[in-house]
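Each of the next two complexes has subunit A plus one other chain: subunit B in the first, subunit C in the second.
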Partner chain A sequence: MICWPERISGGSLDSKKMKLSQFDHKTPTSRKEVVDLLTNLGQDSAILAGGTDLIPNMKNGTLMPKTLVSLKHLTAEKEHLTKDGSLKLDALSTLSQITESPLIKEKAPSLAQAAFHVGGQQIRNRATLGGNLCQESRCLYLNQSHDFQFVEACYKRAGDCCYPFPDGGKICRAVFMSDMAPVLITLGAHLVVLGSHGERQVDIADFYTGDGLKPVNLGPTELITSVLIPLESQKMQCRFFKATPRGGLEFAMVSIAVALTLDKNKKKCSKAVIAVGSINTKPLRALEAEKHLTGSLLNRSDIVEISKNAANEIKPLPHHGYSRGYLKQLVEVYIKRSLIDIIKTVDNKNG
Partner chain B sequence: MKQAIELIINGETYDLIVTPNVTLQEAIREHLGLKGTKAGCEMGTCGACTVLLGDKPILSCITLAVECQGLEITTIEGLSEGPTLSNMQKAFVRAGAVQCGFCTPGVILSSTALLKKNPQPNVNEIKKALEGNLCRCTGYNSIIEAVLDAADPSGHLDHQQDQEIKL
Partner chain C sequence: MNGLKLVGKSVLRKDGPDKTTGKARYTVDVDLPGMLVCGIKRSPHPHARILRIDTSKAQKLPGVKAVITGIDTKGIKHGFVETPRYLPDQSILAYDVVKHVGEEIAAVAAINHEVLAQALKMIDIEYEILPAVFDVEDAMNPDCQVHIHPNHPRVKENYCNIAGKTQTQWGDIDAGFKEADLIHSDRFESHLRTHGYMEPQTAVADYRGDGTLHMWISSMGHFNKRKKLARTLKMPDASIRIHKAYVGGAFGGKIDLFSHEYCVAALSIKTGRPVKYVASREEIFIAYRHGQPLISEIKTGVKKDGTIVAQQLRMINNAGAYKGSGVVIIFLAWGFTMIPYRVENFKYEGYSIFTNNPTRAPLRGHGAPQVRFAIESHMDIIAEKLQLDPIEFRLKNARVPHEELPNKDNVHNCGLIECIKEAAFKTDYTNRRNLRPKTDRLDDSNPIKQGIGLGVSAYFGGSLIYPNGSSAIVKMTDEGSVDLLTGAIELGQGSETVLCQIVGEELQLEMDDIRIISSDTATTPPDIGAWISGMTYVTGNAVREAAAGVRKKILQVAAEQLNEKTENLKLANKSVWVADNPEKRVTYQDIFQASITRQKGDTIIADGHWRTMRDEPFHPSLASTKGRWTENYAFSVQVAEIAVDTETGEIKLLKATTVHDCGFPINPQLVQGQIDGQVSLALGHAFMEDVMMKKGYTLNPSWLDYRMPLIHNVADSKGVDVITENYQTGHSFRTKEVGEGLVSAILAAIANAIYDATGLRLYSTPFSPEKVLKGLKQLKKNRGLL
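Right, the complex of A and B next:
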C-alpha cells in the first residue's frame, strides 16, 4: 500500500523549518559516568559525540531521544601502539584526526583513506570514529524531512510497512553506510565496549546485526571507548575504494575494503579479507573470493575471475535508486582495482 | 531546561540563555542577529551554515549551541576588519566568485581554513576542501580561481595554464 503525502506546500514557511524538538542535555565528565547516566535514563536516551549523524536524524524525526548524553567533556586519548603492538584508537577521535595522524597513515593506511572519504571537511571535523561505527542505517524513504515522507510510518519509524520492499517480510532493510566499518573488518579490529557490567571486547565482525532496525550489537547502556587494530593486520596490504556518483560529500553506492597478507618478496597471499560496505543491512564479506586468494600467487588473470566471483557471491540490496546489477558491477570493478593496485605496489617494491 | 552559555564569536563574548535544542546556527543567526551565517538545508548537507570552531570549519546547523559553551567561533562577519575585507574576501571580489551569494560565507570560511592549514593548495586540494560547500549557481570555477588567487595574489603560480585545454 502506498500513501502519498496530501500536499507538500501546505502550512507556513516557518512550520517547514527543521527545528529540533525539546530534549534534555547531560554533560558527564567520565566514561563511567556516561554509563551510569545511560543506565538511569533507560531507552529514551542517546549518546551525542560529533552529532553529525544523530542531529540530522533527530531533525527528520527518525530518532527522537528525550535525553542526549553529551561526550564533550571527555577527552580523546591520542592514538598509540599498546604493549602487544596493537594500534589503539580512541572512539572519540574525529575523522579529521584519523586522516591526518602520521601513525595511522603508516600502520593502517586504508583506515585513513576511508576517513578521508567520509562526508565533507566540516563533517570530518566533528564526526567521531565511534559515531561512524554506530551510525543510523539509511534508506531513500527514511532519512527525509516529513514533507518528503510517505504518510504511513515504515517499520523503522515503528509503523507497519516498507516502501522499497513492500513484499519483503516484516523487516527493515535500511542500508548500513559506514565507510570505516568494512576497513576495520578487513583489519580484524576489536572494539572495546564499556557498559554497566564492565568492559568487553567485541570482534567488529560480530558487531553488526544485519537488522535494519538495530544495525549494531550495542546495548542501551553501552558505549564504544576504543578500537584496537592487531599487530599482524598492520603489515597487511590494504586498500579502500568508495564508489560515489559525485565524488564528495556523499554516502557510498558501494565501499570496498581489501586486506592481504603477502609473503615477503613473493606474491603469495597467505590471508585475504574482502569486505563490502554500503550494500546491505551490514557490511558483507566476499568469502569465496577470499578462499580463492588464500594460498595462491597473485596474478592479473586470476584477479579478473576472482572479482567476478566476488560480485556473484555478494548480495546487494538495491538502495538509493541503484539497481542490484549495477551494484554488483561496482563490486566487481572496485575489487579488481584494489587487487591490481596491490599487485602494482608489490611489483614496484620487488622491481 | 534552559542553560546559560557563553559563546566567543569573532572575539566577542556573548552570554545566551538557550534550550538544548537550539542549534549553533539558530543561536548565531536568530539569537545574536549575525545574519551572515546562512540557513540552507539545515540537515548538514549544503555547507551554507559553515562557521569556524577554533580554526576548523564545522556545520553550525547540526551542532548544538550548548555543545559550544566557551568555545571560539568565527563567522563571516569576523573576517573583515571594519570596512576592510580579508584577503580571501578580496580575492572573491576580484574573481567575481559570487553569483547569488548564499553559499559565499560558507565557502569563504572553508577556504580561509584551508589556506591556514595549506598556504599553497593545488586545484584538487581546493576541490577536496570545498566538497562540503554546495553552490547551486554552480560557480565553482570562479571560486577555485579566487582561492588560488588568494593563495598567490601575484599570480606567479601558473595554475591558469594547468586548467587550460589545448585545442
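Right, the complex of A and C next:
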C-alpha cells in the first residue's frame, strides 16, 4: 500500500465552518455618505466599525443585517483638545490608540485604563470607541448559535420568550457590558451624533435606554462621529476598576467608574459621579452615594459606609452565573477601593 | 548521569520544528479532492421520543450528496466500555429516544457548508417531550419517575437509573470502627469541567474503489479506534487505515468511538467521495463529553496516635445519558483511594447514575482530582481534630516501599514517604503553617490572607486496555541510521521525542539519525494508546526491546567482521570497535551491507513488545475490583501557596511545589512540562473552569464564557524529582507515570491552603470567588463577627 500524504494540501474554505450568512458590503468614504446609505438602506443595514462585536453576533445569528456599511475608508481624526479645552475623540479611534495616547493618558487616565481592560490586545487593535459604546447587550442564552439548543427565539431575537427571566412581558434583561460607557458617564462626556436630520449632541448619560431590546438611543440613520469630554473632568480624581474572574480577555462581572471633583485643599468633595457597568441593561449610577459624598470631607470610615449604601441602592441583574448578592458585594468593595485609592493619592499629594 | 547519551537529557522535541514552523499537519488540515463536508443533526431536547424524521426535503436539496439516520445504523451499538457486564449502549444515530441535548440523529454530506447548513435545517423531526432528570441524587432516588435506561440487571439495590456499581471491601469494617478513637465523616462534591483541547473533534474518511477505507482522526489511539470502527462498520480491521496526523490535544476526551467518526465513514462509503467533519466549539461544549462530577462521602476511623483503622466510602457519579466512562470512574475512584495510605479495614461502594446530561469521558486524572481533593481535605480535618501534625499523620499511614496493596499489586520502590518529607522540607511547611496565629485569619486589617496547604496523590500507569500491549519495529537503513515504527500517537505529550531518545540510547545514535514513523494503522505495529498514563512505560519498553534487538544484530555482525567476541565490542558514532583497540572498527553502514551478504539477506530489523503484568490476562473487574491492576504506581506530594482576597473572594495560586516519584525521567524538561501543564489544569479546575448547565443545556459553550487560565494566571511551578528507581543501561527503563497524577494533590493542597489562610473549609469545587465570599460571610456570622 502506498502513502497518500501528497494528497493532503492546505485547508480550503470549504473544510472550515463558515457560518456568516450572506450580506452586501458598502464602503463609503465620508460620514455624510454613511448617513445617506443608512437612510436609503433602511432597517436591514448595520454600521461595521472594528467588527469585534458585530461579526461574532452575525456568526451566531443574533444579528442578520443584509448590508454592512463599513467605516473602513473613513479616516479617524487624531484626539485633541478643542478651543474650550474639551478632549475630543473620534468615534473611530481604536481602543489600542486610546490606551497608548499620551494626551488621553494625561487628560483622561481612567478612560485609557478602561480601554486597556477591554478584551485582549488583538481585539483592542480593531475595536473602536464608537463600536464599544453601541455594542449589543449580552446574555448567556443569546451569545451562542442556537443551532440545536435554545432554538426557540427569545424576545431579543424577535421571538416570544425569555430564558433566564420567564416572567413574560416582552422584557429583555440582557446586560450592557461596555467598559468605556461607565467611565465616559463619570467624565460627563457628550456624543456627537450625525444622522439624516443633521448633527446632534447627546449627554452619554441619556444615551442608554435600559431597554435590553434596544439598549442605545440611536436612530437607524445615525452614527456617532466623536466623543467630547469636558474640560472640568480633567481636574477630577477618576478611577476605573473592572472585576473579572481571570483578569483578562473577558467581559466584566462588574465595572466601576468613579470621578470626584475635589476642592483646592483636595479634601472636600464638591461633585461626585459613580457609574457601575455590566450589571444591568444600562450603566447604573449610585446617586445616593454621590449625594452623600458631595460636600463632605473624604475620610475612610465614611467611605466604608458610603460604599455599603451604594451597594444597597445599585440593583444588579444576576448575569453570567453571578448572583445578585455577589455582584452587590463586588460593587461595594470596588467603590470602596476606588475611593480609598483617591484618598491615598490626595494624601500623598498633600503630604 | 551514568554515562548516558540521550535518555535523562532534555533534548529538543522531535516534533518541535514541524510545530513551530507551522508545517505540522493535523486532521483539520486534511483536504482531499472532491471532499464533502459532513454535519450532524442533533437533539434540541434532553429527553424526547422521536415520532417522525423527514429527510426528504434535505435529500432533494441540490448539493446534498447523502443523508443517513438511525434507520441506517439501527442495531449498531458502541460504548466506552464493551464488556459482558457493561454492554455497549450507544447508538450511532438515535432512532427512538434521545436522551441528552445534542444527541446525534442524522448526518448529512454536502458539497459545502452553506448547503450543509440549509440541509440540516430542512430535516424535520417530530418529538414527544419526555420528563427528564439531571441531578444525580434525584436520578437515583427510588421514587424517580424518569427511567433513562433499565437499571443494571446485576445491581439489586432500590435505586433508580443505575448504570453500574463498583464495590469492594477488606478487613472487618465494623471491628475497625470500634477500635477507633475518632470517627469522622465528610461529604465532598466536584463540578463539571471540560478538557479544552485546541483541535476540535474532527475526522476525515475516504473510501476507495478497492474497498479500503482511509481515515484521519483526531484521536488518542488509532488501534482502539480502528477496532471499534471495524466492528461497527462490519469491515475487516485490515481494510481500514487510519493515517498519521498530529493531534492538537485531547486530555482524555478523544478516546472511544464517536458518532461522527462512524458517520463520515458511512457517508464516504455511500457517496464514494471523501467526507470531512469538524465539530464546532459549541458542539463540543454542548454535545460532546466532559469530565465527571463525583460526590464523595467518606467516613474514617482513626486512633489517637493517627493510625487509620477503618474507612468507608461511597462515591456517586453523574454519568450522563449513556455509560461512557462513568462505570470506569467508579472503579478508578476506589483505586485512587486505596493507593497512598494503608487502611486495614475498608469498604467501598461506587455508583454510576444515568441522567439526561451528555455522556462523560475521562479527563486527565480520571477521578483522581475529585477523590484526592476529598480525601486530602478529610485528612487535614481529622488531623486538626486529633491535634496531629498533618505531615506526621500522613507519614504514619503512608505506603512504604515494596508494600503489597490489597489487590495484590506491589508498590515496588514507592517514594511516597520521601516525597512527603521532601515537600515539607522544601517549603518549610510545618513552620509556615503553625507560626501564623489562628486569630488573624479573619481580622479585617489586611483583606489579603496568605496560606499554605499540602496534598498527596498516587497514580497508576500502563494497565490493560485494548490492545493491552505495544509493539515496535526498528530497522536500519543503508547509511546506518534507523527508522522507528511505532503506533504511538503524538498529541503534544512528547511521545515521539521520548521514544527516539530510547532508540538513540540503545544504538548510540544522534536524534537526527532516527526517523520516526508513527500512528498509522497500516504501516506501524499496534500500540496501547496515549491514555492510562502508560506510553513511556509500555511503548517505551517495546521500543527499547526493538532497539536492543537491532543492537544485538549489529554486535553479532560486527563480531564476525572484526573477529572478536561481542562482549569486547563498544558502539558509538554509528560504528563498532574493539574496546581495547579503537582502531579496529567497522561502521554501521558496513555492518548493514555485511549483514545482507552474510546473514541471508537480514537487513537488520528487530521488533519489540511490551505489556504490563504479563501474568495477568485481563484488566481487573470493574465491578468487584478483583484482579491485578498495574505494576507501576507513581506517587506525588504537592504544596500550594495562595493568597485570598477576603473582600472579593478571589484566590491566587502564588506557588506550586510538586515533589514526585515518576521513576526515571527520560526527558526532564518534558517532565517539567507535564508538571506545569497539570498545575495550570488544576488551577483552572480550582478557580474558574465550570461548564454551566441548566436542565441539560449548556449555558457557556464558548472560550469566552468557559474560562480557562490565561498565561498571567499560571502559577510559579516548581518540580522536584524523587527518583526512586535505580536506572542502569540495559535494564528496563523504570519509568512510571507523570502525565496524570499531578492534577490531583495540588487541587487538594489549594483547598487546604484556603483553610490555612482563612479558616474556611470548602467541600466542593470550584473555589469560585462567589463561593469563597459566601463561606467567609457565614464563618464571620458563626463567630459573631458580623
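The criterion applied here is as follows: the second predicted complex is superposed on the first by the 329 of 351 C-alpha atoms of A that agree within 3 Å, B and C clash if a C-alpha of one lies under 4 Å from a C-alpha of the other, contacts with A are read in each partner's own complex, and residues count from 1 in each chain.
In the analysis below, contacts are C-beta pairs under 8 Å (C-beta built on N, C-alpha and C of every residue); 3 or more make two chains touch, one makes a residue touch a chain.
No experiment lies behind these values; they were computed from the predicted model shown.
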**OP:** Applying the touch criterion given at the start, work out whether A:323 contacts subunit B, subunit C, both or neither, answering first, second, both or neither.
**Re:** second
Original post:
Once the shared chain is lined up, is A:140 touching subunit B (first), subunit C (second), both, or neither of them?
Top reply: second
**OP:** Identify which of subunit B and subunit C touches the larger number of residues of subunit A.
**Re:** C
Original post:
Just subunit B (first), just subunit C (second), both, or neither: which does A:286 touch?
Top reply: neither
Original post:
Is A:249 in contact with subunit B, with subunit C, with both, or with neither (first, second, both, neither)?
Top reply: both
Original post:
Counting only touches as set out at the top, which of subunit B and subunit C does A:259 meet: first, second, both, neither?
Top reply: neither
**OP:** Could you look at A:19 and tell me whether it touches subunit B, subunit C, both or neither (first, second, both, neither)?
**Re:** both
Original post:
So, does A:311 touch the first partner subunit B, the second partner subunit C, both, or neither?
Top reply: neither
Original post:
Is there a shared patch on subunit A that both subunit B and subunit C touch, and which residues make it up?
Top reply: 17-19, 145, 247-249
**OP:** Sort out for me which residues of subunit A touch subunit B in the complex.
**Re:** 17-25, 48, 51-52, 55-56, 59-60, 68, 70, 72, 96, 119-123, 125-126, 145, 247-249
Subject >> subunit C - residues contacting subunit A, complex >> reply: 25, 28-33, 35, 37, 41-44, 101-102, 111-114, 117, 120, 212, 214, 241, 243, 276, 278, 280, 282-283, 286-287, 522-523, 647-650, 687-688, 690, 692, 697-702, 704-705, 707, 709-710, 712-713, 768-770, 773-774
Subject >> List of subunit B residues in touch with subunit A within their complex >> reply: 1, 3, 19-23, 39, 42-45, 47, 50, 53, 56-59, 61-64, 66-67, 110, 113, 127-134
**OP:** Please give the residue numbers of subunit A that touch subunit C in the complex, ascending.
**Re:** 1, 3-5, 7-12, 14-19, 140-141, 143-145, 147-151, 243, 245-251, 320-323, 325-326, 329-330, 333
